[in-house]
Amino acid sequence: MGMRSVFYRNLEPSAREHGISAINFAIVLLVLASFLTFSLETEPAISRDLRLTLSGFNILIVSVFAIEYVIRVWIAGENPEYRGWRGRLKYMFSPFALADLAAFLPELIVMVAFADADGGAIAALKALRILRLLKLARFVPAFSMLSNAFARCASQLAVALGLALALIYISAIALYFIEGDKQPDAFGSIPRATWWAVATLTTVGYGDSYPVTALGKFVAAFIALAGIGVVALPAGIFASAVSEEMNKDKTGKDSSGD
Amino acid sequence: MGMRSVFYRNLEPSAREHGISAINFAIVLLVLASFLTFSLETEPAISRDLRLTLSGFNILIVSVFAIEYVIRVWIAGENPEYRGWRGRLKYMFSPFALADLAAFLPELIVMVAFADADGGAIAALKALRILRLLKLARFVPAFSMLSNAFARCASQLAVALGLALALIYISAIALYFIEGDKQPDAFGSIPRATWWAVATLTTVGYGDSYPVTALGKFVAAFIALAGIGVVALPAGIFASAVSEEMNKDKTGKDSSGD
Amino acid sequence: MGMRSVFYRNLEPSAREHGISAINFAIVLLVLASFLTFSLETEPAISRDLRLTLSGFNILIVSVFAIEYVIRVWIAGENPEYRGWRGRLKYMFSPFALADLAAFLPELIVMVAFADADGGAIAALKALRILRLLKLARFVPAFSMLSNAFARCASQLAVALGLALALIYISAIALYFIEGDKQPDAFGSIPRATWWAVATLTTVGYGDSYPVTALGKFVAAFIALAGIGVVALPAGIFASAVSEEMNKDKTGKDSSGD
Amino acid sequence: MGMRSVFYRNLEPSAREHGISAINFAIVLLVLASFLTFSLETEPAISRDLRLTLSGFNILIVSVFAIEYVIRVWIAGENPEYRGWRGRLKYMFSPFALADLAAFLPELIVMVAFADADGGAIAALKALRILRLLKLARFVPAFSMLSNAFARCASQLAVALGLALALIYISAIALYFIEGDKQPDAFGSIPRATWWAVATLTTVGYGDSYPVTALGKFVAAFIALAGIGVVALPAGIFASAVSEEMNKDKTGKDSSGD
């Protein structure tokens, strides 16, 4: 068994029956650490020392992701589908390979070519780091179950979401007519009243806008009572679908031995 | 196959086995766009140019809905039930046809007859645009499933809602007695305390009123802990009923081939 | 069929197979109206005229409830269990009869004997009006299903509630140690921090107290993410139990013909 | 039957088929009372008298727990596994025995050895009282069912939690770019925006930070609508798993007679 085969079995999740290899687990941790790094870098209150440490750590992350990418292209040849130069090109345009590329290339370009530049352009390029989330998709076996559950209840979800949006719209219009004159800043137009309606019906309730008249409070209370059901419905429908998908899976596994 | 038949098959949802025709999809988008137009028109901060564009777009929407209405009355003859002049009259008083009429007629009257008038009367007429929501009902196949689910758990829903209202009422009375003297604005009467109780038990929690005494906070904490269960119950019951209705549907379809 | 029998069949819910008689429906409405009256009477902003109307309406309600009570005692004789004077006494100490008595007697005593008195004692007696809620229990056929569902998941509910309380307690201690020095008013003792923990974990979030330090916010965010699951769990468990109880009922009815 | 056997049957929960003995119930109440004592002791507003009473009560609690511990070590010999000196040592290192020890030893050491000391060290030692929660685990029969339910949906829970964290992260980045310049205190860095994202997506909504620009409100409304589903999902998945675990239990008991 050659070196490439050893790497393949340790880096390619589909080469294992279950679980995650130590190397891939380290990569997952590195992706999460890179998110933390990105977050902390934006915080003006952190010390200069920590900032330098973060920059260094960032170079490390980009290097590891670049090396990982090269290795993954190399070992792709273990899979008959990606053998030879044409196979490698095909692999490089597969979704996972593109995600791996996006995870380090923009950052690498900034480091090498725009080291002296600063400002919005770099911030925007750095925001591409969020694509590293896609690197994680490779390691999530239960993801397909969730998307099955989604497909299972898609039309119900659409109807429930439609009901929620209709309720938000009607609520906003109602409060716009009732409180618009009294509180022009919060309810002086339907879009403004919509902000209140969303904050209320999702039960977030920031408290930056709420009705003050007796009629407004009465209608808002009625809307809130009716609305929590409607707006919480999609989550309930989805959770039920997931639960059924789990049961189906279990039944499938139990009977697979027959 | 005549022109009328072609229109019928593209405009009448029940003439298709599933999905939605391109024309009807455009109408759905137009209805949603008309809601957006209505919302933006009420916003004082938008520019004069955008306002003119919105007015023009509004004329377009009303025209399209008027033409759609005439065509729908014409093609209704494809359905044996609505053939001839008597059939057409019958169609015009069907719920969907009335919804189509309400979607453009008030607006058209305002445009033609009251172009110079302004103020509350027109705003009220414009508020009738909300009836355009009914235009959408024609295209929602899963709507009947939701209403079945509702029927399936109606009595439980009623009990759960009754419990929620009873809890709100008892909570309001309790806080009225405890905090009424201390905070007359927020808890000085049962209706005022009810506003707090609804905001708390729906977990909206605007923060415009909350207990400040030790006893008030203790009772409110107890109520909040007990209440989230009771007030979230209707949504849970309904979601379960929807999930069962979905299962029944699936079973029905699976066994329909036997 | 005598007069008493007619009254019995119209007033005693168990004498009907399903639904509610017109008289009983009117009584339910009257109970609800009496709650509204009680609420409005406490509001200082209502006009003197409305207050007089409410007082008059209140006398009407108390009279109707008194007459209803007498009639119910009279017609109880239709039920063999409550026949004769001993039976009537037995009926008068049944829970429903006591609820009917409590619904008008305290109020009647205030009207007749303490018409001139005012203040806290009368307010407290009026608060007994809340016992009128018990009058409604007689008309709620699905109530037994809810109590079955409760019994079905009581031990799980207890565990889930215990977990929720434990989480609230631990959260309060954590934030007391982290933010106690910084914000003595909001987190200066465990009871104070508990108020924050309840408001946060129930997702009410009034905004009267929240962490301000970086560590406090980090811990609070972690608690909030973990907590919504734990505190929402009892409602989910209960809703599932209700849904199963509903299914059992349906199955029971479907197979009762066998 | 000796004295030790009587104690064993009254103190060891596994010696009873179901329910909880009077002595154990008293211990549970005492643990709960000790939590209340700890809470009240931290409150600066309580009177000196109450503080003295609490101190006395605390000495009582510690004494009872110490005696309980000694008795439990003694009666452990009823169980063949813990017979003799080696068995007792084995018992003393069992999780429940360690929890019993932790419930009084730190407190006892403070009382005896550091009676004159005060400040942070003692407060930290007192915080160990939270370990008394573990004393309660012995008496919770349904705890294993909850942990089974957790195991049953662990991978789904992990995915759902991962989705929630990803959504929070993406939301924070979005609002950081949109509102960061306008509100540096609330959105000036990703960690700061994360605090807003957590407060919003858990629907806590303190109201200490919220978007103020039109674009920020639009994006936040979209996030809130999408997010309540995603963040409420873990609770729904877990509740479904618990409900199924309950059903399995019931089926298991029903068929156990076969």
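In order of appearance the chains are A, B, C and D, and numbering begins at 1 in each one.
The rule is short, and it goes like this: a contact is a pair of C-beta atoms (placed from the backbone, for glycine too) under 8 Å apart; a residue touches a chain by one contact, two chains touch by 3 or more.
Everything numeric here is computed off the predicted structure, so don't read it as measured data.
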item	value
Given chain B and chain D, the chains that contact each of them	A, C
Same or different residue numbers at the chain C/chain D copy interface, by half rule	different
Maximum centroid distance from chain B, chain identifier (CA atoms)	D
Inter-chain centre distance, chain A versus chain C - centres from mean C-alpha coordinates, in Å	42
Geometric centre distance via CA averages, chain D-chain A, whole Å	30
Two or more partner chains touched - positions in chain C	191, 194, 203-207, 232, 235-236, 239-240
Chain C-touching residues of chain B, taken from the complex the two chains share	152-153, 155-156, 158-160, 162-163, 166, 169-170, 172-173, 176-177, 184, 188-192, 194, 200, 203-207, 210, 214, 217, 221, 224-225, 228-229, 232-233, 235-237, 239-241, 244
Interface residues, chain D side, partner chain B - complex	203-207
In the complex with chain A, residue positions of chain B that touch it	35, 38-40, 42-45, 123, 127, 130, 133, 136, 140-143, 145-146, 161, 164-165, 191, 194-195, 198-199, 202-208, 231-232, 234-236, 238-240, 242-243, 246-247
